[in-house]
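Here come two complexes built around subunit A, the first alongside subunit B, the second alongside subunit C.
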Partner chain A sequence: MGLAVDVVKRSGKRKKEAFNPDKLQRSIHRACLSVRTPEGEAESAAKRVTHLVTLWVATKPAVTSHDIRRVVAFHLDRYHPDAAYYYLHQRRIL
Partner chain B sequence: MARKHKFDFDLIVIGSGAGGSAAATLAAHEGKRVAIVEADTFGGASPNWGDVPIQSLLQAAHLYDQARAGSRFGLRTSTVGYNYPSLLNWKDLAVKRTGAGGNRAYYEDQGITTLHGTAHFLSPHEINVNRHHYSAASFLVATGAEWKIPQIQGIESHPPLTPRDLLSQPRLPKSLYIIGGGTTGVELAQLMATLGVKVTIAEIASRLLPDYESEAGELLANLLHKQKGVQILTQTRTVQIEKENIAYRVTYNRGGHERTVRVDQVLVCAGRKPNVDLGLENAGVDYTEKGIEVNHYLQTTAKHIYAAGDVLGDITGHTHTALLQSRVAAHNILSKRAHLSPDYSATPHVIFTYPAIATVGLNEDDCLRRDLNIKKSITPLTVLARSNVSDFKNGFVKLITNKKGVLLGATIMAPEAGESIHELALAIKYGMTADQIATTPHAFLTWAEAIRVAASKIS
Partner chain C sequence: MTPDDTTISLSIVLLAALTHASFQLSISVLTLMSGHALGRQTARRRLVNMIGGFAFGAIVMTILLLSFAAYLFGSLLPYNIPLLVWAVGCGAAVGVGISVWLFYYRRELGTVLWIPRGFARHLESRAKHTRSATEAFSLGLTSVVSELLFIFAPIILSALILLRLSPELQLFGILMYTTVAMLPLMIIGLLISNGRKISRIQKWREANKHFLQFAAGGGLLILGVYIYSEFIIVASALGRM
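Presenting the complex of A and B:
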């Protein structure tokens, strides 16, 4: 279920949407798997980072998708630096 | 045809403390469409839970202390006491009377739109507050700073008090461990010890007030220990905080030896960190964890966004410095030409202990670091007639000049030092010499006479 916090999408071109922790957790999980992290580790890192980001988002009235990417990368760096780099730069990498 | 505005406001000020309020008011007086955003209480930290509440309680505690010690003047003092809830009522009254605490209506009367909520930049010209988007041609970021929680084992599960928490509590602790012997740490140590709390103060540096003249820190430590029974732990690192029933057991390391002390509460005053988590990346504003980076004109890396106050990171926590920056930022935002930069050379710093400590300009360490040739003189208060009639001996005036006698810096440790320092601030600002100060008459039986004596020693 989403928090009452809007996520403003890239360049404001797409409609804003409510922050969804499940969606965030799935994206972190996928980023971890993309850099060949074992499934269990990816799941645990995604869960922990999602929790920290959700706490951060709850203090904000609205955030941009770039904000989320930046804060996820900051927290994920502690658990998996490669995944954090991939998460932050995936648009440029892909 | 009415002119169509490109933005909702000409200026949005984020933060209603000293760094923001002056700029918002000045811009509104110039006819600009201004909004001010505040996430907490309007007025900011200084009037609500900083300088004003601490100073009002220190004033009451000093009066109590003086009354108790009045027997040496022939006064009967056996029934002097205090009621802490009444002291807190006095503090609340002082906050209310400043007019700055919770002053939302003040801004609205001046045509400034007030927004209560957390601001977050979405783009260089747009912020979000309470899920509403607001745009502006210029911004002033004055979000201030908050107390930094040091990395100590056990601190996350047992969060210590901040000065704001301590002054909001309905009753006093029996014992208090203060982490940090800077300005606020020593003010609160003296306040609490005067009211009968057993205080331990731990400072990582080799003396209290490490940013001030060594004589001031050492004399204050001596007074706090001898007169108030404060345990002073310099060169001490706090390593662990554990809960023990309703109290705390604090472990500290001093000189390679670990010791513990059991206290009712732990207070943290070990520096402040700027509030920079407001989506500055989305606005192209560069910052570090030490604060927002600005040029001489207080302009950030985004040219239409300025910053003022403690968020700049060079944290002195002084309201008058933030006010100066706010006025300068307002001038630079409003004026298209002739940008100003703030002049900090004669900004006084005051610690409201008893005796108070006031400084202006450079201290001796600053001069050593800059390899300056200096002359200095220290005059103890005991040479004054005022010291005799007040029966007060602990303090001094220290002046530092260059070789030509031009005043570079001064420290006064004396009662009402905060009042006397402005004479020396003026002297520094206008390049006066010690000789000029020494030949200016100073009234007999005032503490300021020590300034003349100190100046005459140099001249």
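Presenting the complex of A and C:
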């Protein structure tokens, strides 16, 4: 389910899209699994962080995907620092 | 060729291989591919196969590039390598060495490399969608080709040096070059296969990226200047032009 908040993509060239908490939760979940977090812990961290980010996003008319990534990493760092690092840096590997 | 000449030639090939080993593109692609595979909860056995396929692809392409360069020079210049060709090889090594010092990593966080963004996007996309050892093999081949801009200098100089050796030593030189150049990739592959976290590996790479950049650029400069003084200045002084 999308909120009425637009997400502006990183390059600015691709179309804006509505903020989708499910998509965000999936990406956080995957980042946790990528650093070998157990499945249950990954799911729980993804749910909590998605909830916090959704509250933050709801106060804005539009956000950039970079800002979302930064805020996710900030919150995820409390639960799983390795996953937070990976989530923030996975687009900066290549 | 005296035993001393053989030792010097193999040492030059070894230094060129160490320089090649300092380049990071294949390792970045392997890290990305493994991260995506783990995120999809890929079974450990399949992940190990994918890493093996990727490393095998990178090894095959390195052997092919070095053998092709040596074959090309051997066919075009069957009797003697002109000093001009050595000079071009040394110039390329020095030029690429300085470029590596200045440009290899982009000036931002992470380990983003100064390669054409089209290549980077393609590799990122393929790393994300790779699901089998065969696809990983193809990605390994492509990742080495994508780094050609930086690795062509050590490959050209090694090929020129290998032509001075006997056929058995040429084969040994190619295997030694490939083994040394691919050693970091194999070590990272083994670490990931044995359960090390991608984030730890990436943190280490990020913390040491400037040292690796300095080593790669410095290695190329030393290689270029040494070969220039050994093969061009000395040959010119002896009147072998």
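In this section, the second predicted complex is superposed on the first by the 93 of 94 C-alpha atoms of A that agree within 3 Å, B and C clash if a C-alpha of one lies under 4 Å from a C-alpha of the other, contacts with A are read in each partner's own complex, and residues count from 1 in each chain.
By definition in this document, contacts are C-beta pairs under 8 Å (C-beta built on N, C-alpha and C of every residue); 3 or more make two chains touch, one makes a residue touch a chain.
Every value quoted in this text rests on a predicted model; they were computed, and no experiment measured them.
Visitor: With the two complexes overlaid on their shared chain, look at subunit A and say whether subunit B and subunit C clash or fit.
Guide: Aligned on subunit A, subunit C fits beside subunit B.
Visitor: In the overlaid three-chain picture, which partner chain does A:V63 touch, first (subunit B) or second (subunit C), both, or neither?
Guide: Only subunit B is touched by A:V63; subunit C is not.
Visitor: Counting only touches as set out at the top, which of subunit B and subunit C does A:D82 meet: first, second, both, neither?
Guide: A:D82 sits against subunit C, while subunit B stays out of touch.
Visitor: Between subunit B (first) and subunit C (second), which does A:N20 come into contact with in this model arrangement: first, second, both, or neither?
Guide: The answer is neither, since A:N20 touches no partner chain.
Visitor: From the CA centre of subunit A, what is the angle out to the CA centres of subunit B and subunit C, nearest 10°?
Guide: Computed from the C-alpha centres, it is 120 degrees.
Visitor: Would you sort A:S44 into first (subunit B), second (subunit C), both or neither based on which partner it touches?
Guide: neither
Visitor: Under the stated touch criterion, which partner chain does A:D6 make contact with: subunit B (first), subunit C (second), both, or neither?
Guide: first
Visitor: Considering only C-alpha atoms, give the closest distance between subunit B and subunit C in the superposition, rounded to the nearest Å.
Guide: Nearest C-alpha atoms of the two chains are 13 Å apart.
Visitor: Over in the complex, which subunit A residues touch subunit B? Could you list them?
Guide: 4-6, 8, 12, 59-64, 66-67, 70
Visitor: For the complex, which residues does subunit A have touching subunit C?
Guide: 30-31, 33-36, 39, 82-83, 85-86, 89-94
Visitor: Would you pull the subunit B residues touching subunit A in the complex into a rising list?
Guide: That would be residues 117-120, 122-123, 128-133, 279, 281-282 of subunit B.
Visitor: Mind listing the subunit C positions that touch subunit A in their complex?
Guide: 25, 28-29, 31-32, 35-36, 38-41, 108-113, 120, 123-124, 127, 195, 197-200, 202-203, 206
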